[in-house]
Amino acid sequence: ATGTTTTPPASTQESAAPGYLAVADQALPAGGTLNLQVHIDSGAATGYDPQLADVATTWQLLSLSYETLVTIGPDFGVQPLLAEKWDTPDPKTYVFHLRKGVTFSNGREMTADDVVGSLKRLLASKSVWRGQLGPVESVAKDGDDKVKVTLKEAYTPFLAALANVPAAVLPMKEIDDKSVDPATTLLGTGPYVVENHRQDVSWTFKRNDKYWSKDKPAADALNITIAPEEAARIAALQNGSAALATLGNVDSASMLAGARNVQVVTQATTDFYYLMLNTVAPGSKFADPKVRQAINIALDPQQIADVALGGKGKPTAITPAGLPGSCDPAALPSAKQGPEEARKLLAEAGAQNLTFTLSIFATEPAPAVAQVIQQNLQQAGITVKIEQMDEASWSGKVYGKAPAEFDAALSWFAGYADPGMVTKWWNPETAGFNVGFMKPDKDLNALIDTAGKEPAGAAREQALAAVCAKADADAQMIPLVTRPATVAFRGDALSPSLYATEGYGNVLRLVADARVKKTQ
Amino acid sequence: MRLLMWWSGRALSSAATLLGVSVLIFAAVRLMPGGFAETVLGPFATAEQKAELAARYGLDQPVLLQYGHWLAAVTGGDFGTSMISRQPVGTELLARLPVTAELTVLAVAASVLAGVPLGVLTAVRIRPAGTKGAGGSAGGSGGGSGVAGRLLSGLGVSVPEFVLGSLVVFVFSRYALGLEVGAWVPFGQDPAANLATMILPAAVLAVFSISVTARTTRDAVMGVLVEPYVTAAVGRGESPWSIVRHHILRNAATPVVTLLGTIIAYLLGGALIVEHVFNLPGVGSYVVQAVGRRDYAVVQAGVLLAAGVFIVMNVLIDLLVGVLDPRLGVLAGRRS
Amino acid sequence: MKRLGLDRLSVAGLACLLVLVVFALGSLVGAGGDPDAIVGPRLQPPGPGWWLGTDNLGRSVLPRVMEGVGTTLLLSSIAVLLTAALSATFGIIAGYRGGYLNELVMRLVEVLYSFPAIVLAILVAAVLGPGQLAALASIVLVTIPLMTRLVRAAAVAVSQRDYVTSAVISGARLSRVLARHVLPNVAGTIAVQGTYALSVGIAVEGGLSFLGFGVQPPQASLGVLIQQGGTYMIAAPWLILGPGVVLVLAILAINVVGDGLRDRLEPRETRSLT
Amino acid sequence: MSLLTVRNLVIDYPQTRALDGADLELRQGETLGLVGESGSGKSTLGSAVGRLLPGAAVRAGGEVTVAGEPVFDLPPGKLRHLRKKHLGFVFQDPIASLDPTMRVGAQLRLVLGRGADVGFHLGRVKLDDARVVRAYPHQLSGGMAQRVAIAMAMATAPELLVADEPTAALDSQVREEVLNVVFSLAADAGTSILWLSHDLPAVARRCDRVAVMYGGRVVESGPARQVLGDPAHPYTAALARSAPAAAARGARLEPVPGRPPVLTGASPGCAFAPRCPFAVERCEHERPAPVRIREQDVLCHRAGELAEHMTAGRRPEVSA
Amino acid sequence: MILELDDVTVTFAAGPPLRRIHLNAMRNVSLSVAEGETLGLVGESGSGKTTTSRVALGLQRPTAGTVRFGGRPFPKRRRELAGRMQAVLQHPHWSLNPRMRVGQSVAEPLAVLGRPAGDAVTEMLEHVGLEAALAGRYPHELSGGQRQRVSIARALVTRPRFIVFDEAVSALDVSVQVQILNLIKDLQAEYGFSALFISHDLGAVRYVADRIAVMRAGEIVETADTATFYSDPAHEYSKQLLEAL
């Protein structure tokens, strides 16, 4: 496939185009300051280095200053960004044609060396993303304006992985001569330049005047306030001190129902909740697959989505629902059975009075999800005790030790932009973080690898369906429902562009398009 | 000379208390489950990365040694480095202190300016006694105004800040009522705008302390009212307000001022919730987030700071009490 | 009531508490329904089947409030009893013995006192892990300094009383002096402070749950309910109204009873300024 | 015309009747000692003169007139004026009756007005020490503090000084000095004194007249020497007999048997009846009305018949 | 001699650590009380009377000097003296535990000794002129005089050999004072205990004491027979005291 330069569909009214929740009104003048509020700051011990960033909130902020070769378009299509186009002479080779006239915000022009250096640096790093890039064999300059990446074997999610912030192009010259430390300085080709950052308080960005796309970014400055308390963000929207804010509560729309000029939209994401059953702990209650199967059957993802997520989430298999090619959760074996079968399985396993503790973190809506799970399992005679912790204690308990000491735990994965990416986490040997509570399943691992190689198409969908079914039966990590993102903005202050779906949790992805209607 | 001795005595005991606080806080922070590494590095971090981070912040050393290093650094004015922002904690605390301080000062001011008059008014009886039908309540809880006072001050202490705060945030953000929420501006940038955004949080914070102050004032004034010197002043024909001004206020001040010490500790804690609800960049929200992320240096410094402020305030209050009541003062002479 | 010698307001407060206790006991026998069961659509206003409305999971609010009152009252009461026991032990020994023991106890109390209450509570919750135990320990640690101080002060006063001296002269053992003479005479202080500690305890439980360190779901406590209800203040005001009113009533009633108890134990004169 | 008239005054506390129809009269320039056991109502009567009763007190009847003004019916402003111009009070605990947070000089100036000659007033009570002006009350001895209180009370040269056991808290040596100051200042200013005291011999020595209180009533009043030397009321007689100081070495003191009454309402008869060796039926049921025996006004049904009997009793040692 | 104080000095240190003030509450005090004798101790407020009584009762260790009770120094453990000395103290209001019934208060010294109370309590109450029915009352239901009688009953119930009366009648009304003084005299005649009778009221002391010691600023300035003292005081200070009487 060959990509071409695309601009977002030009549209003068705010009626959303397909794949969009909102499209910025290009007729509005550029300029102005945009005030945003998000609930959490990027917080990593590794600093600002995009290659080491591993959470969506960090990607979101870093994406304002860093760019990747390719990017994700509406409905998960891969689109050009710093590469104007690319060729794939064979499934193992990608040749990227670099965009001309791209400069870093310090004024230096981006070169093929920067691209090659960045990718090599990433591959040599301890970054989690190194694995997502797949079996890369070599990265090399192909003339001054082309870069060639060779894979050891075919790897379908490659482009989607390349579209995320850790694969951003860094100013390698400066990094190599040590004049810039990416951990402490943001120096990218992106639309905005950091002016000030106070940890956990605010970020201020100003327009990158040397940005390659001449009509972008529209807003001159961004003020991003970190407001952990939902009520504070809602307040800021209501009184207009924020033009856009991310919201956590699935019912925020009704909270803001009467507020004038505030629009609340739900962005579907590929992130999804999943239930971990610890099979590694000595004396695990879940060692018997029948017990896990029973739990999987007793769970009612539709009810979880309807009740805990206010109808905003969707049931999902291990390939995130919504991604092209992902499998149908309703077709999974466990979805077709009810509590009766679960009881039977438990009886067979001799685990009639199963009681276990579910460890969750306190951030909403996890407690709501857990309580619906509790109700679900009660139908099958399983007693769940919920243990709610702050996130630090929770991650200490879940990831801190191997074998881990919890019974069951609830969390969510970022779903990314290709159905073959998250499935890897079901192989603890490559994932690493879950060796403490999950036993590798050889068959499943093989299926995952196969699906990774299969080029997009019907064969891939079949391969993925096999992975889904196998994982459903294995049921050590049980996917539940997708996790919606709620965004609200002031219609009188802002005309934003927002995708209807998002794979990397980046609400600010299109912020460079947003038009400010009035300056506060 | 006496003052000097008093100071050295107080300094010594304050230092002992602070030392105790430092031990407790250090121990508490280390006892928290959940490692800094999982939190700061995320679940995907390798053991190697964790070890590297631990080494960077000296967390691989024996705990006692860590404590010693920390204590030595703190006494030298170095509060360590935040593991999240990698900035010196001292700098960040200093930047955030004004917000919390302003909030607390405003709330203390409100407690004194509203609580004290309220307490005096509900305690002082103007109607002369001995008249038929006057007085009458057995326990002396102050008759009608007493019931109202008790209910009022009771109400003040029963509405938790987070409820009141959330309500205020919502109401004031939805309806233009003249005061802004959520648009915090640094004081240095625009004092007037800053005050306008601080009034509401301070008011929410102050509700509890106002009613406690009012209640304590009322108790203290009622205690003073029956002192012989007040009877003597009444007997000399002094007017009620002259008595309140000259004899009652100062004598009732001791318990109220002493209470302020407790109130300040309380407000420092309450500020944490209020800062959270109103999203103000103060020390409180800093510490809460740091607890959440196991950012040890920040938690330790934050709590030590709060305790230090509290202890210093209490020393000052003791001094003030001495000035107000010469019988209790440092400089009190012995009976001739 | 008359025999207790409490005034009318305090009797009203006591009655109010009694009603709350009955309300809480109701949930034990299942009155009002299962507090955890999903019984209807989410966020329904009060109506048949859910007399106080439903919450964000479609659970009936009424049984949850009933359970919440019980949890909160029980938790705070146990905590306050613990505080009272510890404060009495340390306060009395420190107050009666004086000397180094006194210094030590007072210094410890001072250290605890220098922590802002909610910070102390958060630390405790973080160390112990959220839950009832953490809430319990937090309330105890938060209320202990003031009570120990006051008990100590009372014990100092009582130890100087002639009847204590007489007992010592008679050759009574320390344990006897403390148990028979000092303790009963500081019991009033403990009782009065206990009521205030109880209201502080309820507030601390609420604050902790607000920050997510308190009682664990699906169990309800007033703090949990108010925290959740607060989010839905406008969309579903009934979620905060029920528990909010009950919480305010409980603290108000306890304070009023405490005041009445104090007026009764330490009656005081009044005087007019005219 | 008398300066102070108390007529049938009844004062109730929540559970106690403190005054049960007390009558008292005091003329210009006169010194009157009010004596009686603890709880007999002396302080209540003394406070009632200036309407300085605690909040719990209720006047259930009777009236108090000072310089022709009905104290209990005055509006607040007039009441203050009366206290300021006509009345002075000195209380039992000298240090407590001074504001602990104000220097002595400042307190005096508050009473005397700005720019007054504090030194002069302190000089009158024999406090010449310049340090006193700058001292706080707690830095003074009891005697000094009481003299300051007296200076404050006498600063306005009141017509009536009510002194409620002004020396009870003082050491025996200082007592005399303080009393000397009070009485000489009053004599100079023509101030009448109502002196509430336990100390019978001292009252006998210094006062023109004595009133004896029992059970909230003045049971006997008259010229001091007369009342204490020739008591007409059985209670006065018993009281006079029981002072330890009065006992000769080796002699046995005779206490008043029984204990003082605590009234909750009007006493149906004579409150002393249960302890009185001379009580008859009538004493229990009928409230005695004042009768005049010699120069005394006495509240006793049998005063007349007993007059002879009592005189025969042993007289208290009264040193002139 | 039941009690001997030999050259006793008591020094108090008061105030915070760095500004201690040292104060001699007793200075080289020597006095003795013979069997069956009542020694009166008079002096102005703060002269050291109470401190002396505390030393005599073994509640206060002297800074210097020796104390002997019954010819022997005080034992390390107070319990060995249990029941052999008692005290009646100043405040009728605080002399009895307000949370104990009168009967329990009186029985306490016996309970400490592990002896059954039996009829001793009722007997004792009757001895001090109180109805046995009062045993069931709480102190606040009694008058000041009655409370002091209960204290005396409590002090006597173990038949001690030595009793300290520290301002035992000062807070009482004149007429009640006499009742109590008479009671003390009568009981002493009956039980023959020795007593240290402390008061600032010279009249009261004269009434009960065999000998009188005068204290001033921590020192004994004069000791004399009561009769001699009142008729012919030797010390200048004693003369002053008597003048004021």
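In order of appearance the chains are A, B, C, D and E, and numbering begins at 1 in each one.
Throughout what follows, a residue touches a chain if its C-beta (ideal position, glycine included) is under 8 Å from a C-beta of that chain, and two chains touch if they have at least 3 such contacts.
Listed by chain with UniProt protein names: B, C = ABC transporter permease; D, E = ABC transporter ATP-binding protein.
Please read all numbers here as calculations on a predicted model, not as lab measurements.
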- prompt: Going only between touching chains, how few steps reach chain E from chain A?
  reply: 2
- request: Write down the chain pair with more C-beta contact pairs when C-D is set against D-E.
  value: D-E
Query: Which chain's centre, taken as the mean of its Cα atoms, is farthest from the centre of chain A?
result: D
Field: Interchain centroid distance [CA atoms averaged], chain A/chain B, Å
entry: 42
- prompt: Can you give the whole-Å distance between the Cα centres of chain B and chain D?
  reply: 51
Statement: The positions of chain E in contact with two or more other chains are none
Statement: In chain D, the residues touching two or more other chains are 54-56, 76, 79-80
Query: For chain C, what residues touch not just one other chain but two or more?
result: 126, 129, 230, 233-234, 269-272, 274
Message: Which stretch or stretches of chain B touch chain C in the complex?
response: 13, 16-18, 20-21, 24-25, 28-29, 31-33, 124-129, 134-135, 137-142, 147, 150-151, 153-155, 157-163, 166-167, 170, 174, 222-223, 225-226, 230-231, 234, 240, 243-244, 262, 265-266, 268-270, 272-273, 276, 287-288, 291, 299, 302-303, 306-307, 310-311
- prompt: Given the complex with chain C, which residues does chain A contribute to the contact?
  reply: 230-231, 249, 251, 254-255, 257-258, 307-308, 310, 362-364, 367-368, 370-372, 374-375, 386-390, 392-393
- prompt: What residues on chain B touch chain A, complex-wise?
  reply: 32-36, 38-44, 46, 48-49, 53, 82-87, 92, 95, 166, 169-170, 172-174, 176, 180-183, 276-279, 281, 285-286, 289, 291-294
- line: Touching chain E in the complex, chain C uses residues 161-163, 165-173, 176, 180-181, 184-185, 187
Query: Within the complex, which stretch of chain C touches chain B?
result: 7, 9, 107-108, 110-111, 113-120, 122-124, 126-127, 129, 146, 199, 203, 206-207, 210-211, 226-227, 230, 233-234, 240, 244, 247-252, 255-256, 259-260, 263-264, 267-274
